[in-house]
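As structure tokens, here come the structures.
Shared chain: chain A. Partners: chain B in the first complex, chain C in the second.
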Partner chain A sequence: MVETGKTTQEFEIRDYLRTELMPHFMCPGCGHGIALRALLWAIHDLGIAKDNLAVVSGIGCSGRTAAYIDANTIHTTHGRPLSFATGLKLARPDLHVVVITGDGDSLAIGGNHLIHACRRNLDITCVLLNNEVYGMTGGQVSPTTSAGRYTTTTPAGNHEPVFDACELATAAGASFVGREITMHVTALRDLFVQGLKHSGFSFIEVISDCTEIYGRKNELGNSPEMVMSHKADIRPESYGNVVDEPFRPTDLNVGVLSQTDRPEYYTAYRQHFGKQVEGNDDPKKGGAVT
Partner chain B sequence: MTRQGVIAPVEMANTAPTNVLVVGVGGQGVIMISKAVARLCQENGLEVKQSEVHGMAKRGGSVFSHIRFGQEVKSPLIPQGEADILLAMEWAEGLRWLPYLNPERGIFIADTQRIVPPFSCRDRNRGAESGYINTSVQELVEKVPNAFAMDATSVATELGNARAANTVLLGALSTALEFSQEEWHRVIAEAVPPKTVGVNKEAFVKGRHWVESGETATDFSSDNVISLKEPRESRLEITQAWCKGCDICVKMCPERCLQLDQHQIVQLIDEKRCTGCRLCEWLCPDFAISVEAK
Partner chain C sequence: MKKTQVKLQAIQGNHSSALAAIDAGCRFYAGYPITPSSEVAEKMSSLLPDVDGVFIQMEDEIASMGAILGASLGGKKVMTATSGPGFSLKQEHIGFAAGAEIPCVIINVMRGGPSTGMPTRPSQGDVMQARWGTHGDHPVIVLAPDSVAEIYQQTLRAFNLAEQLRVPVVVLFDEVLGHLVESITIPEADTFERVERKWASGPEAEFQPYRDSGNGVPEMAMPGSGYRVHTTGLTHAEHGFPTQDPEIVERVTERLFNKISANYSLVESYEAEQCEKADVVIVAYGITARATRRALRKAREKGIGAGLFRPVTLWPFPQERFIEEVNPDAQILVPEMNRGQLSTEIERIAGRERVTSLPRFDGEPISPQQILEKIVEITAHG
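And now, the complex of A and B:
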């Protein structure tokens, strides 16, 4: 983990945005903007310099958010931001690598990459912005679309069971798994702070919302109602973190859901190939540029 | 602290029951005190009826407990104006229950500690007046003949455990009932957690001595009352070009001081109402609002 310096300066989001690209392309009331603020806030609170931050994103509304961050950003192919990030982190372990991905990006098309990134436990922070739909391509059904919800490809309502992304990541071996809703901005920021501090793969699911395409079709109300509605989905704390019915929209567990102390991939890699890597900066021969 | 002579014990030989009303705030030990009193009376062969409301009070809410004992007790509730002793662990709670105190011979024992609930001030602006009752000890003493107000919480804090304030007050109460100090010590030891028996005994003795010794003390200060003197100015800056009129800030603003104009762009309609809570800034997905709190 890279050392971070504490900052006392007040957070001003414009310092972290490419203001020439603003206003961003996202629809009015899109939850991704709130999640982006929380992420940048956490980065500010940890005192991570913009030059030491690399944000990797895939395709989709979530993927587009990275473009507005004034840091090192890569906009990669659909479903593969984690693969790019893995390569980046191994080549430049001094960087804080954050992956911003969406439910379609990382659970459908990039599902394989997600579980293997979790399994490897490389020190990456993966932010999954879950809005239950493929928003950018016109509102197709995604692996997290709740039962009965209408999308352009499920005109009679979705009948498929959904993925619980956090359960999936925990099972695949992610050492830090958390979930929060966009309404809880400060809690979301604190979760990001914990995830960024964690050494190992940290997976954070943000329950975001798609007002224009998903909300309108399902009559979920306007932006304020949609943002507030997730509060009602949260599972009461007294129920504990036992997931017996892993289907949304009710019984949503929030906060840090699991945190384990597994060996971080890069550290383990250096130990395993220590002799070969020592004094060897040729990546083709198993060395790494440090 | 203020006092008016030593407490004259309540006559328990009468056929009418003796009424003790214990009031306070959730978490202060109202129920513990009333259990101790009730048990002691029961062990002395008196008929005791105790009834309390605690469930809905939660921590910080109003809690009260009626204790009635005597040769024969019929109803568990004390009628208005018939409480012989009113023991209040919080200043405003004591004043709230004053109508229950016997206006002629009722004994009022209260902690001058003020626990100001957040909702006593519904005006969220800086510098707003608190709605907490401002009756001072002197004003109360003029109204109630047998008033004993002491800073029991500070006494207990000096002993090392602020939560023993209720036992300090019980010590003061004990002088009004004809039971021996040893009996009191025994019931307290049974009622409190084993680790705190020592400090509770000390607290009890302090409370009892305070009544018996007649030492003079000062009125409670207003130090512990939160006052927001300086009005805070906040400046709300709206980047109109970035606003998409999603309505989130308008609906989320607790003061309702934002509005969408005819172009569906947010505008501040009342600068004075803005308290600088920053909810609009945090929840704006388009980063169009920034609040600068001074």
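And now, the complex of A and C:
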């Protein structure tokens, strides 16, 4: 059992970044950096060694975050980081495998990979940075763009219904599903800690914000104003509770939304073929942190 | 059974590639069902758990290709198998493997195309796709065996080349060879070479994951060994991170090709039979080479000087050997189960006026009789 905050050293984000790549190329006000900080903070608190951490990302703004992490990083193809992560985790169960993806990446082009990763329940932590837009390509509509919002491909406002990523992941069988907003940095860190400790597929959606492209086009204000608007959307009763009620786009649930005890894929695979499961309970060497 | 025993087995081509993969050290396979290659996946699913390997049937062809690349980056020897439509889907990640230099082996059992085409009929229609199926300039090695035994040998070789040169290697055959049952001798374990990847060594701080380590091929970093590297499909410099610097882009792209050409003696394989003095040389590969041999015997009985040039390495084509081996005055006949895909390459090498294409694309293999008739026709006019 690894306690949160067990690491004696204070969290210093630079210890986990490839600072030689700075300045980064994220836009001012982008929420992805806050999510990245919370993720690295959780990794620090769990005492996960950088050598045993593999971060696999897809394409888009979310995909570009991986390169900045001082770990084994794989920047894959659009929508398909989970396929690479599946192979990597099965080949190397000793590694902690974290996937960073986006709303376009995993809910549109990579939707099939997401639902099957949820179904298999392999021990991967999947972080979906949801900024409601295709930022990297200039601001096109995504499966999570709110109704009526303007994008470069919805000049009259978005007329399509949205995906609820957490509902989708839960329905597909993810054994740990949670959501947080970037304003709650420590709550987000704690959610990541829980997700990383969970044995099985953990899915964490971060409500991020794209100020430069999406916010500007929709007159949503500056970054603090956008983040505050996410906070205003949260249902108070959802704090720290497992919420059964369905999600509504303007009525956010945050925290752990569902958690079930299902057999982890690789453990089950080994047992099925009568193999002893390799001991991987040392968090410094990756594997399930229990 | 003890490994030292020679095993004679009657097996089908698809199973032959699976056995070879296991013998080559493949310990991860991800696939997706597709006719006529599914038997490769079926065999791997039964063999891998016994050797502490992992088999997984993924949600689609793209994911199965992605999964093997992830496992290869984790340090395993990996393989997948597919056929036409699946080969099309896999191209995205074959390009990733070529660009990020990830060793992998892809079996493509060709069927009729385009699109879903004729799933149970043989074809050689993916010859150009195997070379240029994914976008952008990229290296790839394609091997075309012509028997169940050679499928075994070339699959073994495919693993060695993939590991040694960090390149995707395609083993290309067709439905007939995939389902053909022949007796083959499984070689003793210590009689064939098993090449291992060159892993990163030396000081971690100075390590550059895409720096030429001497023969054009960079060393690979094993995750967890202290080298924390970045792998990306974006064009990257020697340090592994994206670049758009024209000078660097040109240099790193050149190296991708140079690592193959500099090591081409390892890559090339072909068979040349009576090519030097022949009046007509048949260039044939895969199952078509089998029909060609029979046609050649008949032609020679008629007193026609006919030779065979059989590329086993289809891409990059053994051009220099072809020029060395083949009589420069000989007519060239290229029978193939497509509308003349390799024949355009032969025209490029030998000149259009010397080359006759013998295409067949009706879902039937080319018969020896067809080839013989064409040989007679060419030599009569010649």
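The criterion applied here is as follows: the second predicted complex is superposed on the first by the 256 of 290 C-alpha atoms of A that agree within 3 Å, B and C clash if a C-alpha of one lies under 4 Å from a C-alpha of the other, contacts with A are read in each partner's own complex, and residues count from 1 in each chain.
Rule of thumb we're sticking to: contacts are C-beta pairs under 8 Å (C-beta built on N, C-alpha and C of every residue); 3 or more make two chains touch, one makes a residue touch a chain.
Everything quoted here is computed from the prediction, not taken from an experiment.
Partners chain B and chain C fit side by side in the overlay (superposition on chain A). With both structures placed on the common chain, the touch criterion links A:12 to chain B but leaves chain C unconnected. In the superposition on chain A, contact of A:34 is made with chain B only, not with chain C. With both complexes superposed, C is the one of chain B and chain C in contact with more chain A residues.
After the two structures are overlaid on chain A, the closest C-alpha atoms of chain B and chain C sit 19 Å apart.
The touching residues of chain A, when paired with chain B in their complex, are 12-14, 17, 22-24, 26-34, 37, 182-183, 185-186, 211, 222-224, 227-228.
Residues of chain A that touch chain C in their complex: 18, 21, 50-52, 54, 56, 66-67, 70-77, 80, 82-92, 94-95, 112-113, 115-116, 269, 273, 275, 285-286. Those residues of chain B lying in contact with chain A across their complex are 241-248, 250-252, 282-288, 290. By the touch criterion given at the top, residues 27-28, 30, 49, 52, 54, 56, 58-60, 62-76, 78, 92-93, 96, 221, 223-226, 228-234, 241-242 of chain C touch chain A in their complex.
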